[in-house]
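A short write-up of the structure that comes next.
Letters A, B, C and D mark the chains in the order given here, with residues in each chain numbered from 1 onward.
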Amino acid sequence: VPPNYVNMGLQTAKTRQKMFRHLMDQRKWPQEGWDDQTIEILVNEIASMDSNNFISKGGVGEREGRIYSNIVSRRHFGMAHGMGRSGDLAEAQPKAAGSSLLCTLTNALVLDLMHTFVCGKVVDAMVVPMATGMTISLCLQTMKEARPNAKWVIWLRIDQKSCLKAIQSAGLSPIVVEPKLVETSLVTDLEMIDSVIKERGTESILCVISTTSCFAPRDCDDVGGVAQLLKNTPIFHLVNNAYGIQSLACVRAIDRGCRMGRMDIVVMSTDKNLMVPVGGAIVAGYSKEIISQIQKSYPGRASSSQSLDVFITMLSMGVKGYKALITKRAENFLYLQLKLKSICMAHKLQMLLSKNNDLSTAISLGDLTRAVGVTEAEMPTFFTKLGSLLFFRNVQGARVIIPSQTQTIGQVELEGWGCHSPLYKLPYLTAASTLGMEKADVDFFIKKLDECLKMLKKPRTD
Amino acid sequence: VPPNYVNMGLQTAKTRQKMFRHLMDQRKWPQEGWDDQTIEILVNEIASMDSNNFISKGGVGEREGRIYSNIVSRRHFGMAHGMGRSGDLAEAQPKAAGSSLLCTLTNALVLDLMHTFVCGKVVDAMVVPMATGMTISLCLQTMKEARPNAKWVIWLRIDQKSCLKAIQSAGLSPIVVEPKLVETSLVTDLEMIDSVIKERGTESILCVISTTSCFAPRDCDDVGGVAQLLKNTPIFHLVNNAYGIQSLACVRAIDRGCRMGRMDIVVMSTDKNLMVPVGGAIVAGYSKEIISQIQKSYPGRASSSQSLDVFITMLSMGVKGYKALITKRAENFLYLQLKLKSICMAHKLQMLLSKNNDLSTAISLGDLTRAVGVTEAEMPTFFTKLGSLLFFRNVQGARVIIPSQTQTIGQVELEGWGCHSPLYKLPYLTAASTLGMEKADVDFFIKKLDECLKMLKKPRTD
Amino acid sequence: VPPNYVNMGLQTAKTRQKMFRHLMDQRKWPQEGWDDQTIEILVNEIASMDSNNFISKGGVGEREGRIYSNIVSRRHFGMAHGMGRSGDLAEAQPKAAGSSLLCTLTNALVLDLMHTFVCGKVVDAMVVPMATGMTISLCLQTMKEARPNAKWVIWLRIDQKSCLKAIQSAGLSPIVVEPKLVETSLVTDLEMIDSVIKERGTESILCVISTTSCFAPRDCDDVGGVAQLLKNTPIFHLVNNAYGIQSLACVRAIDRGCRMGRMDIVVMSTDKNLMVPVGGAIVAGYSKEIISQIQKSYPGRASSSQSLDVFITMLSMGVKGYKALITKRAENFLYLQLKLKSICMAHKLQMLLSKNNDLSTAISLGDLTRAVGVTEAEMPTFFTKLGSLLFFRNVQGARVIIPSQTQTIGQVELEGWGCHSPLYKLPYLTAASTLGMEKADVDFFIKKLDECLKMLKKPRTD
Amino acid sequence: VPPNYVNMGLQTAKTRQKMFRHLMDQRKWPQEGWDDQTIEILVNEIASMDSNNFISKGGVGEREGRIYSNIVSRRHFGMAHGMGRSGDLAEAQPKAAGSSLLCTLTNALVLDLMHTFVCGKVVDAMVVPMATGMTISLCLQTMKEARPNAKWVIWLRIDQKSCLKAIQSAGLSPIVVEPKLVETSLVTDLEMIDSVIKERGTESILCVISTTSCFAPRDCDDVGGVAQLLKNTPIFHLVNNAYGIQSLACVRAIDRGCRMGRMDIVVMSTDKNLMVPVGGAIVAGYSKEIISQIQKSYPGRASSSQSLDVFITMLSMGVKGYKALITKRAENFLYLQLKLKSICMAHKLQMLLSKNNDLSTAISLGDLTRAVGVTEAEMPTFFTKLGSLLFFRNVQGARVIIPSQTQTIGQVELEGWGCHSPLYKLPYLTAASTLGMEKADVDFFIKKLDECLKMLKKPRTD
């Protein structure tokens, strides 16, 4: 093979090596996404730094990273040693330089993601190989070690079990602060938080958990207002920004928080924000210490599989690719609202507008009940049927909410479960536009929703 | 294509379908291992039951299982929804029948593994997508919910940080019970446990954690003795059987526990026992309720990646394959001891025999110090050098232990760190034989150890 | 897992099974492209029908389809038996019902491709696992068996070695018919063909090979005119439609051929028309017999790897996807011409327009020579440098053609090699727009071409 | 990540790079097999040298190596350009330095395979991406170009269609030389070859094709004797060593050929000798020129998929791994013979011993006919049934041969088709032991054969 051809070929190898070195040195999210072959070469090179992939070796320990199944080995590029050591999630492993490097780089990328898309004041960030619920629990445990006498966590109600259970599983007690109803939106009740703090005393309250991303008609919490209340108190402020990186409303709320008061930790889902399978969370901290404390309080080693997914995905997207996804999502949200408006027109229903929720939207189904002549007693069955009709037509993620349900989680009883508030008395339907959604999803949903509404409105022949 | 050829071909498809149905119906670990193609077909069929893999659909929720990267999607066979729901790790997901089925089947296989290889009295078992440390913490939290007034955990000392940190991260306080030195082995001090219980009172003690698999010269704990002490007390008994499935000594200890007294939970590592990457644990319970409580106390959803690894690996091994691995491991342990004996003869060192440890063995390095003329002050440097020489020769897992070190973890100070006891005054080296080890590993280790010992014994020329 | 969730999941499995059955029954190219998971499930199911993938078996033959390497096995989905039997490429293999089915289905898809995109009168078609050159050779050998006394093949000159070598390797002798120069295009010289036939006699001429897709300024051959000349003669007509499926001009020429006279075989490249790796060709025949004869005259078995690539790719594209690719290609051709025009304006060069070539376009570089003051003797070096400058800037596929070169292939001497004709006296550059090209390719090319032209025009400082 | 850990990790990367460089420089088959990860890293690095994998590029040619389907791209590691250029199969491609390098290296490995396992006097060798039949045809065409007046090919009869069809498809005429019956073996009739040559004259005879590997009771041809006859004649000698690399008998015959007379080309199957899928052949030449001529006479480009399979497989095996396979095969052949002897004892049948065939063995079924009372007229049906019974029990590769069948291939009529000779009058069954066979295959076969023979011997109840 003539040397000039080979040189041309090797130039690409050199370009790749430059990209790799740049990533190692700069630890920044590349602007342009990388192609799959480049990513696989890098991951394989990293993996080959783990001792179980060494060519000549002898293992006489209790965990030598031997993988039995070929299929499993391939899934993990031969990496077997996971993340961290028994003392610290962030500690490098002598046996697994590659896995250690992978996790370190992923955390660097995630920090850059925070700076570029969420908040420039974040100081450190990491991928935790547990979903948001368990991760919030870990954060709360770490906080508790710092303030062992504070037993209460103020929880701004959002009707999703994980967060409340996270508080309980951390051995803490929640104080539920219900949202206020302003027009058709449910918004943060700052006065109530303030009065709870005053009543119980700052020393007894460990943390306030506010939530940004949520289903309409609940609004993104007033993170700024909460942060301001916590200024100069010892109370931690944890923001559950579950799928909020993609939302301008959520990101703005966090930004206001930084400017106005106390912010400690923001927790985000990797699957919902980065389009990877469920299983990881991003923890972003406003001090190096708090992230380091979390890493140290985690007992033992952990999976690096979630970091691998995030690493591959972020390199594949690049900053530009991610921006494009966010833009498309915002467009699809407008398109979804537009289409729902036309459904509302056709079926004489009402949109439930939320000022501060650009992810999810809702339509009231109250008029439908009246139109069809469903009694209050029949309502649950009637709306369960609507949900079921949609589900069996492969519409996913649309939720039909029936008011006046009650749910008990641990010791806490929540009235109006599903609506985030007992004040919400209307049955309604929510739908969201999130990363990766296509216009075709909206069209499919709207078509099926129209069909289902027509079916429901047919006079009953029984 | 002639129909008789096609029929021959379809027969295999039918055989596979029969194997699949048998697995679904019986939920037992197949005797014979499956080939990779069969496993991949099954996993793909299961994955295609998840809604994100449906061909016609519309997703308007906040988590639609969209995977951005092709590489990531392929790693997970397109499964994105993880395990469980916000209320319960064991709950099936409406959007993800496939992932739910996968996790359910994996738990059934793991229960069968328990029955076949560990203990027939186990009632329920599951794969938790966190490594043993964090899993033990989760178990303790669940126990604490049942007995909120019990604050203490009796921990039978083993010098590995995870378990101790797990106790602390569950918000509990450890009581360290040191082992007794009997000849050269460190064994369970039942009298001390008994006196601690009497002193503090059963009501204040939540749990005793005993450990089976460990490094020599520590022995497998006397699980039976501990279980007997806890009989008729409210104190939970959790056995940390980290990598003990492969060890007859550990399995027998657990079996004695069942016969003699109280057993609640056994925790095991998936990576060390099943040759998958780090990141999961098996929790086996002696009642349905305790497993169910753990599943319910886990906040939120979790990764199904660990279950997938276990599922694939167990089908690939089959019961017979696993038996063969265990037999080979036991043979290699004898081979390792034999070879170490010859090293001891050659270098005039002593084996440190443990009666009840068939995983790990140790040799005293005390005579080496004397032979070379190393002072007590020089000892740490001298033995650190031995560890380092071995490490840089790609010997993995052999540990050189220097006595009289102290380590503080949380509030707990442990003297003689590394030796599991302040009573152990000899420097020593440990090596283990675990699943998947080859004779070549032993040969490599012995050759390099011999080299390193010779280097160390050379008269210093400086 | 609740049965209604499972049923939802199984619905997709059923949908897939319906798609598979539809494909088997109808043997038509699906309108909509299939997703990768669906394709892989089908290919795995087909592969599992091959006897080497049977679960229980005993092989005592000389070829049992055993694959040594895991990587290789995976590349082929475990299929090892290739295509055909020693007697016939189209024959089904008793040991390999799956592979046989795969090849049969692929041929059916390819026939449908012919009907939908090339010519409705094609009667049979197949994928031959050799590239176009060797495939044309095979076709000619088959024809020769039918007419053993005919020794000559009339070859409408196109400056690419394969076709000419194919004639020679089939043991036949070419008669080169040069194209005519009409304005700036090179077009078929029908009169010359006619006079050659008359001179040598129809009995001595085996075949005429016309070529559709080619580089400008050569035009697509007048297939209709040639077909008309061959009407009522025993002379076979083979059309080399190498990458012409994507071109309206080529397809129209073939269609005219069918209406006006004799057509026997059309040969096409799989890589250039279907975006798969090099290695296969499509042979389309205007009678069942001729395809069957080709299959029978092929000695021995052959690789099914090319059929697998085509099968996967066609299912992935669907008819709609392929239409979209063709439309985009046509748009990019216009865009390429537009951009080249602007380059010509800027550098005072001339476009060389071809009436009947919608794949490739050319610009004359004659004026450049004059502008820079390059003598005729310096021309080859000068233009070689242009080619080389482009090549080392990663511009691929642009060719710089220098007139008055001579090339001897076998016994045949071709003057003006590279230009398809000794009549073409201008140096020129060609570029093409083919399937899968992106606008970015055009932009990259134009930018680099501009740079290179500027460099060449710089006054020489030596 | 601490630098000393990283350095340890990079050491493996360096080891790999050394292995790669050693392979490039030495071009020898490594003694030790490589692990899959190492192989994949190398193949990916090679693939990334192809221009279609460049990160920044613009393609304006007709073949830019664009691959549509992700699945297809992955199968080929992104390599799309195949092998060779229109002028020469061995020529490097400017656009595809990687693919060119891959093919060059593979040919070097294959040459080393020849030297190590077949014959030290081979001068050049290559992988041809066509199975043996078509490859023999290509060799004959190339020979014919050198000696256009020689029309005849002497073919030492073996009853397998490919080789005979290869002669015909090369436009040549076969002279069939039947084997002699010596005891129960069919052996080369040297006198007949000699008299044919004398009769027709050396000038008119292009080539003699001898065959080594074959089914008993045909023996490996006397390659030495044939070579001696051809010494000092212009007649080429092509040895069809289809699956003979694994056989000591075949290799010895070739070696004798080299020492005793004229040898030109040896053709071997890649699938049968190297356990890859069907589709390639190895051509080994006793002069540089003949291999070079074959490469030059091949019209156009070709698939590199077969070379890739061979490359991966040979690296995976290493010389040692291949030796082990060959040893195991020889052992299994003895085991097969042993087991067949016991079947013969049990069913009162005769072994048909061949002196010079260590691949395949046969047993006479004549006594069976007598035992069951089958008339000559019923024989075909009776033995077809035996074949079919075995086939439907998943016994593959065992052949039941019925004497006195006739087959016409092209112009040639062969009496006693299947037996390699009209002299063989006994029905018989053959079985072989080839690379990759397991003892379990033999056991399965013997068990099923025993069953089938018992079934056949049951008194008919109809």
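Here is the rule we go by: a residue touches a chain if its C-beta (ideal position, glycine included) is under 8 Å from a C-beta of that chain, and two chains touch if they have at least 3 such contacts.
What you see is a predicted model, and the numbers here were worked out from it, not measured in a lab.
Q: Sort the other chains by how far their Cα centres are from that of chain A and give me the top one.
A: The chain lying farthest from chain A is D.
Q: Suppose each chain is reduced to the average of its Cα coordinates; what separation in Å results between chain B and chain C?
A: Averaging C-alpha atoms per chain gives centres 58 Å apart.
Q: Compute the distance, rounded to whole Å, between the mean C-alpha positions of chain C and chain D.
A: The mean C-alpha positions of chain C and chain D differ by 30 Å.
Q: Once you find the CA centre of chain A and the CA centre of chain C, what distance in Å lies between them?
A: For chain A versus chain C, the centre distance works out to 49 Å.
Q: Which residue numbers or ranges of chain A touch two or more of the other chains?
A: In chain A, 8, 40, 51, 54, 56, 70, 94, 391, 394 touch at least two other chains.
Q: Is the way these chains touch best called a line, a ring, a star, complete, or other?
A: Drawn as a graph, the chains make a fully connected set, so complete.
Q: Please output the residues of chain D touching chain A within their complex, sorted ascending.
A: Against chain A, the touching part of chain D is residues 1-2, 5-6, 8-13, 15-16, 35, 37-38, 40-41, 44-45, 47-51, 53-56, 77-78, 92-94, 97-98, 100-101, 104.
Q: Any idea which chain A residues touch chain B in the complex?
A: Answer in residue numbers: 36, 39-40, 51, 54, 56-72, 75-76, 79-83, 86-87, 94-95, 129-134, 136-138, 141, 144-145, 160-163, 165-166, 168-171, 213, 215, 242-243, 269, 271-272, 274-280, 297-306, 308-309, 312-313, 316-317, 325, 336, 359-360, 391, 394-399, 431-437, 440-445, 448.
Q: Which of the residues in chain A come into contact with chain C in the complex?
A: Going by the criterion above, the answer is residues 8, 70, 391-392, 394.
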